[in-house]
Structures are given as structure tokens and as C-alpha cells.
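Below you will find the structure I want to go over with you.
Naming follows writing order (A, B, C and D), and every chain is counted from residue 1.
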Amino acid sequence: MQKTKLSRQQIANRLAQEFQDGWLVNLGIGIPTLCSNYDQGDREIIYHSENGVIGYGSIYPRGDEDLQLVNAGGQYVSLVPGASIVHHADSFAIIRGGMLDLTVMGAYEVAENGDFANWKTEGRKGGGIGGAMDLAVGAKRVFIAMQHTTRDGKPRLLKRCTLPITAKGVVKLIATDLGLFEVTEKGLLMREIAPGHRPEEVQSLTEANLIIADDLKEMEV
Amino acid sequence: MRNKVYGSFDEVVSDIPDGSTIMIPGFAGPGTPRNLIAALLRQGAKELTAISNHPGAGPFDHRMDLGRLVEAGRVRKVVCSFTASPHPSQATAFEKLYNDGAADGELVPQGTLAERIRAAAAGIGAFYTPTGVGTEMAEGKEHRVMNGKEYILEYPLHADYAFIRAYRSDTFGNLQYRLSQRNFNPIMAMAARTTIVEVEQDILDLGTMDPDQVHTPGICVDRVVHIPEDGIWEEAVYRD
Amino acid sequence: MQKTKLSRQQIANRLAQEFQDGWLVNLGIGIPTLCSNYDQGDREIIYHSENGVIGYGSIYPRGDEDLQLVNAGGQYVSLVPGASIVHHADSFAIIRGGMLDLTVMGAYEVAENGDFANWKTEGRKGGGIGGAMDLAVGAKRVFIAMQHTTRDGKPRLLKRCTLPITAKGVVKLIATDLGLFEVTEKGLLMREIAPGHRPEEVQSLTEANLIIADDLKEMEV
Amino acid sequence: MRNKVYGSFDEVVSDIPDGSTIMIPGFAGPGTPRNLIAALLRQGAKELTAISNHPGAGPFDHRMDLGRLVEAGRVRKVVCSFTASPHPSQATAFEKLYNDGAADGELVPQGTLAERIRAAAAGIGAFYTPTGVGTEMAEGKEHRVMNGKEYILEYPLHADYAFIRAYRSDTFGNLQYRLSQRNFNPIMAMAARTTIVEVEQDILDLGTMDPDQVHTPGICVDRVVHIPEDGIWEEAVYRD
């Protein structure tokens, strides 16, 4: 078996497979917005974007885009039949009011207690919060899509976050280029692993102690 | 109803004094009042405070936005949800000045920003939101637990002016937006003392816009300018 | 000169004459809603109703009404070109946010200090506030249109309100069937008087001390 | 998107239990969900709490509204801006029960009522409003002076159900209202846990309603019923 890390789109696809029929899902900037490219078949997922777009679909090919229609990442998207538009205060009313079944976000760090950090990096003044803090407290579930390590190979799945957090104890599921991880009361459960990798390899790139699922699966890519 | 249509962008921004607070909508492009920003750049007002989701671009994006005013040293402070860009490769003009202490910033979660603007429009004195609890954003803020959930107290954001980008307007300033162009426009148009609008389509006669389909009532609007053919239009910028 | 009291429509008309070109005016239930029947000539007044109608005109003749379009008093009204509709929270955002140049309301009592009472009557449990308290604190000016006395002939322009007040010190101008009164720092100034009436007659039906304007006019009816 | 269209009013209210809190919009007629109220009257749920601008009419008005549920003894409490009618001649069914202590009432200024409903929809924990300061309505409430102006603290109003009357709907429940029918409908539709709608026009196919012209997004709607020809339609009631 060839040793393979998941691509950005594959990370997005893996999380998209977890979406349940009828869910209202917010996709954040970065890998998460790629989730709307995944073909859900018979399942119907309604994508919400913080800028007030309710019911968008795949990212548009260049040249075919509508310049007035972007997702949270500023990418041009399509609308699905039944879509609607609201203004920013109503969009965040929907978020804060608890209507989202799920939000998918990127992160710099996730801790085994479900804390995560995605708005401020080491040594920089200021930060970029966007809608992350509202989404993290408002949505029924928070999933994270991220690279398993920094570019320098440092772990991002930690015992405790080192960066200023975005919200406390809200993360439920994490997909990285190396696996799929569930935040449980006992710690971080590795449910799936990237093709050709051994659990010890993944653990060596992870600060948090990984619990290996009894039925650990190899990810389909 | 009164005709609020003006002939030029220079005219509608001419009286904006130094030190003004201006709301500037837009989200990743759509809904950004580029022609009004360009006019204010020509006009010369300085020591401005901007309230905007994003402080505008830097050298990586050539489009006319708040970043140009910042670059030109005309902005004293930006209230926004990005005082630093997510990617250092896309460092904004504001970020550089902010790091050097040459401009002030107030970082606000996006939903709190929208709600503070809406609170100003609605005459609400302050409100409790759960957003930011347990983070640096809550430090120094008043906390309160209600029904077992923790909240922090946030205050309204008022402004002297709002620059608005709309798709359609009638002569009275009843506005419609198109798709994600809407974003912060309706709430900023209601919140500011003086609301100035750039409009994409030909201005409609009074009585031709369906009253049920008005996104921003004309009573919230003070000045309207139609964007001429050689004005600044939205253009494609692709992001991965 | 025949002794005449103003009709309800005449009371409304007298206040409507005070409206300034371009004003945004809210009309409350009762006599106030009759103001939109007054022909303002070249002046343009925009009428706002608490139920979210912005830009309505005269009350519709029976049979011609649109059943989906009522003013604050539940009367069927016309729309003027340039009208728009908002929902209740936005309608009261406009009110509370300070966009109204004027609100005209009815009242049970008005005091010389500008307090007024219009939501709870003597000896009744509960009350009917409607939008009155929001309008009273939100609008730039409050005018009152009312009958000068109760049906039993008791004064309603008082030194101090006896009923629970709607708001403190906000009333600027009052039109009754007997005159036009301005709330000033020195007290209640009678600026106009109903045709054929003497100031002493009006004072005898008024608890507050009336200051008689040097240029007291007889009202045109 | 999911088809939420049901065939009968009895069906969509069948599961509403005793003790539910229900939001009921409408302002002097337009926007009142008369068919859903009639269905709930047939269904029999009791010990209800209603959140509504008005507690419904009395004998002076024959139309189907909240007053019929009150008359039938099915309402424990009404949160509204009229616990007494302005004119004793128009005493409501609620008012009589309220005076006798047979029903509870919570009197709320209309704008505060709208804002409390909107706060529930928006996840706001509480807010400060200037409305009611210095009156009986402010007694016992928390006061605070901000920027020299006095405010009182008000809390959100949540509900189990909202009954909604709309002009148009598509199969997913995207809604449009017509003229003053809109009133409390959009904010109640967003605030309640389960939102049930009666619709005047034929239900539209998905994708035929302009996304820019949706007043209530379908994600806020759970059940939709088209009003049949023999249903309850708005009728003229004249007031002086």
C-alpha cells in the first residue's frame, strides 16, 4: 500500500461524508469551503455562508462566476434552487441563535479537550477572527479541517492550545491529511488513518495522546 | 418623495470632515462602495475612523477599497474582524501601520460587529452576547451568566457616515442589493447619521419599486449617485 | 362668531399644519391617524406606521381598501409612490433609533411638564401600551391630539398626571377641540383658541395654568 | 431541498402539547394565522402561553384569532402590549379572564416585545432599551445609565411554536409577505423552535422564488399548508 497523505480536497471530502441529510452547514475559509464541492448524492446539505448566503453549491469554474456571489472564502459559488439571501445581522442571528447543525472551520491548533485556536498566530499583533468565534459558540457541532502539522512539522493536535483560543471545548471531529479524529471524554480518538501510515507515525506527529479505535480504518482517498 | 440623486461622487463626499467615522460594507468584494472610497481618497479627509469587516487589502489586491485610504495615511483607526490577515502573505496595508503603531485597531468578532452596528441603528444601549466568552476578546468586558450560559456585554457602534453599494435605487433612495452584495449594507445604511449610496443600475422612477421588495427604506438614505460607465465596477479576483 | 369646538378631523388637521416639509411622522391610533387625510399641498410628509408601513397616505373609502394594508389604528390606507415595508423589529429600530421627526399620539392626560399618560385608565387592571412608550422615547418630537376634557367634563391638561405616565417630559405641542397648546419651560402656552371661545372658558376646563399667547389666534376650522 | 408542504391544518398542529408557548403574529388583521388558530382550537391543546402583540378580540369582532383560544379557556398566559383594550367598549376575551385572575398577562411595550422576540432569534442574552424608563414598566427592572441616557434591561422571549401567515411560499418554506401582513411574522418565524405556516397563494416550485426577495429563509420554517378555498381569508373590518 502506497503511503499517501490526503489532499486539501480529500480532507474536505472526508468531513463532508459525515454530514447528515437535511443539515444546515456553515463552511469557513480555507479547506472547509471545499466541502461544497463534494457530491452528497441523495443527501441534501444546505450550505450557509457567514455573509448571508443560504443554499449555495460548488465553487464556480473561472469565467462562469457571478461577481456578486461569494462564499466565506471569497470564492465564487453557485446557488441551489431554494436559496435565499439575508443581511449580515440576520446571518449571525442564524448562527448565534443556534440554527446551524454544523460549522466546519480551519485551525492552527486543536486540543484534546476540544479547545481550538484559529485567529491569532505566534508573535503577531492583532488577529483575524472573522466569524469564527460566533460560529464556534452558535453551531450545534464544530468540525475542524486542517493540516496535521505546521510547515515545519510541528504538531497541531495538542494537549492544550498554546495560541489564544477561539472557543472552549467545542470541537467534535477533526480531519487532517493523516487521519480522522474524534474528541471524546477520554481524549482524542483516532478513527481513521491515511493510507499506508502506521498509528505510531501519526502519534509521533501529534502532541495529544491518541486513543486508537478498535476498528481503525484506512481512509479511502 | 424628495429626489436624492446627485450627479457626481466628488459632490456627495465633499463635506465629509477630518475625524469622521465612516462605515464601509463589503465582504470579499461584493458590496464594497469602491466609487465612494475613490472619491474620498481624492477629497482628502484624514484622521478617519473606519468601521468595516475587513480593513481593506494590501499590495496583493489592486482593487479600490478601504486599504487605499489606509495606505494613504488617512485612517486613524479601523474597527474590524481582521486586524491581521489569516495569511502573512496577504498582509494588509492596515496591518503594517497597526504593527508600527501608526494606526489604531479594534478587533471585533464578525457577528458582534454586525450586532453592534444593528444595535446603533435600533437605539439599543448595549447587549449580552455569548460570542468570545473564554477568549482574549472577553478580557476586561462585563460578564453575566443567564440561564446557565455565560455572556459578555457589548456596546453599539455609531457612525457619522455610511458608504453603501447597491444594485438598484429609486430617486428617493429605496434600495435593493443583489446576492452576497447585501452583507453589511442594510444595517450600516440604517445605523449611520448620513448614508451615501453608489448604485449600479439606472435610477428608478418613484413608485416603480415594489414596496414589499425594498431592502433598505429610502428614509435611511441621504444621497444617491449612479455609477457611470467609466466608474469602478466589480471585477473577478480568484482565491484558492 | 359662532362658538365651535373642533371635530376630530379638525384637531388632526391643526397638528398636520405644523408638520415640516420632509418630516418622517408616525401617527398613533385615534385622532392622530386622521392627520394623513390632511392635504399638505407642496409639503411632503412621509407617514410611518408602527406595523412597518413607511409612506402611506389617506384612509381608503370603504370598498376600495386593500385588506393587507392597515395603519396603526387598523384603518385601511393607501400607499404613496416610494413606499416601503419593513418587519416589526425594523419598524421599532427606526422608532427607537431616532429616525422619526415626530410622533403624534392620543392621550388621557398631559401635564404642563410634558409628561403624558395614554396607556392605563383609572381602576382598570392592565393596560394598552402598543407602541406608545417606544415612540415617546424614540421620536425627536411628541405632539398630542386629544379631546380637551373627559366625557364628564373633567380636565385632561393637568399640573401633574394622575394616571401612570407613558413617558416623562416629552410632549411639545397639544391640539384639542378647544385650542392649540405648547409645552414651554414656563408652562402651558395657549397659542390658539377654538372659534367663539374666551380664554377664561378654556382655563376653567384646564387644571394646568394656561399662559395666554400675546398673539392668541382663533383657530381656522 | 426538502418538501415541507402538508395537506391539512389539523395535521400540522396535531403534535402541539398542552403547556406549549406559541408566537402568534398579526396586527389589526393582516398577518394573523387564522387557519392555524382554528386548527389548534379543534385540536384541544390547553394551558398555552401566547406571545402576541394583541391578546385577540372579544365579542365585538367575529374573526378567528387568539381571542377564540382565550375564550375557550385554553390560554394560561398572554405576553402582549395590550392586557386591556384602549376602549372599554372593546374589552377583549382575555381582558375579562385577566381581570378575574383566570388568565395571566405580561404587559410589554410593543417595540420591546418585537426586540425580545428578535433577541431570542439572534441568541442575544439580554439588551438595554430606553423604552419604558420612568414608567411603571420599568419597576423592578435593572437600570443603567450609558452616555447620559437611562436604559432598562430586557430579556429574550423564546417559544416552542410560531404560527405564521404568509402570502407566498415555495416547497422548502421560503416565504414572502404582502404589505402590512409582514409585521411580526419574520421575527417570530426565526425565533420559535418549530415554525408552522399558512400560505395564501399556490405553493411555488423550488427555484422559482428570487433568492434576493425572500423575506423569511426556508431554513426557519418547518411546516407549510396552503389555505384552501374554503379556508379562513382576511375580511374587512372598519374602524373609525
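What we mean here is this: a contact is a pair of C-beta atoms (placed from the backbone, for glycine too) under 8 Å apart; a residue touches a chain by one contact, two chains touch by 3 or more.
Given the structure is predicted, the values throughout are model-derived calculations rather than measurements.
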{"item": "Comparison of A-D and A-B by number of C-beta pairs in contact, larger one", "value": "A-B"}
{"item": "Separation of mean Cα positions, chain C and chain B [Å, integer]", "value": "37"}
{"item": "Where chain B and chain D are represented by their mean Cα positions, the distance between them in whole Å", "value": "34"}
{"item": "Cα-centroid distance, chain A relative to chain B, in whole angstrom", "value": "28"}
{"item": "Touching two or more other chains - residue numbers and ranges from chain D", "value": "115, 118, 122-124, 129-130, 177-179, 182, 211-212, 215"}
{"item": "Junction residues of chain C, two or more chains touched", "value": "79, 85-86, 89, 92, 95-96, 138"}
{"item": "Category of the chain touch graph - line, ring, star, complete, other", "value": "other"}
{"item": "Interchain contacts (touch definition) - all pairs", "value": "A-B, A-D, B-C, B-D, C-D"}
{"item": "Partner chain A, residues of chain D touching it in the complex", "value": "1-2, 118, 120-124, 170-172, 174, 190-191, 206-207, 209, 211-212, 214, 217-220"}
{"item": "Chain A residues within the chain D interface of the complex", "value": "22, 24, 44, 46, 48, 54-55, 79-86, 89-90, 92-99, 138"}
{"item": "Interfacial residue positions of chain C with respect to chain D in the complex", "value": "29-30, 49-53, 62, 65-70, 73-76, 79, 85-89, 91-92, 95-96, 120-121, 124-134, 137-138, 164-168"}
{"item": "Residue numbers on chain B that touch chain A, as the complex places them", "value": "27-30, 53, 81-86, 88, 95, 98-99, 105, 107-112, 114-115, 117-118, 129-137, 167, 177-187, 215, 234-239"}
{"item": "Complex interface listing, chain D residues touching chain B", "value": "115, 119, 122-130, 144, 146, 149, 151, 155, 176-179, 182, 211-213, 215"}
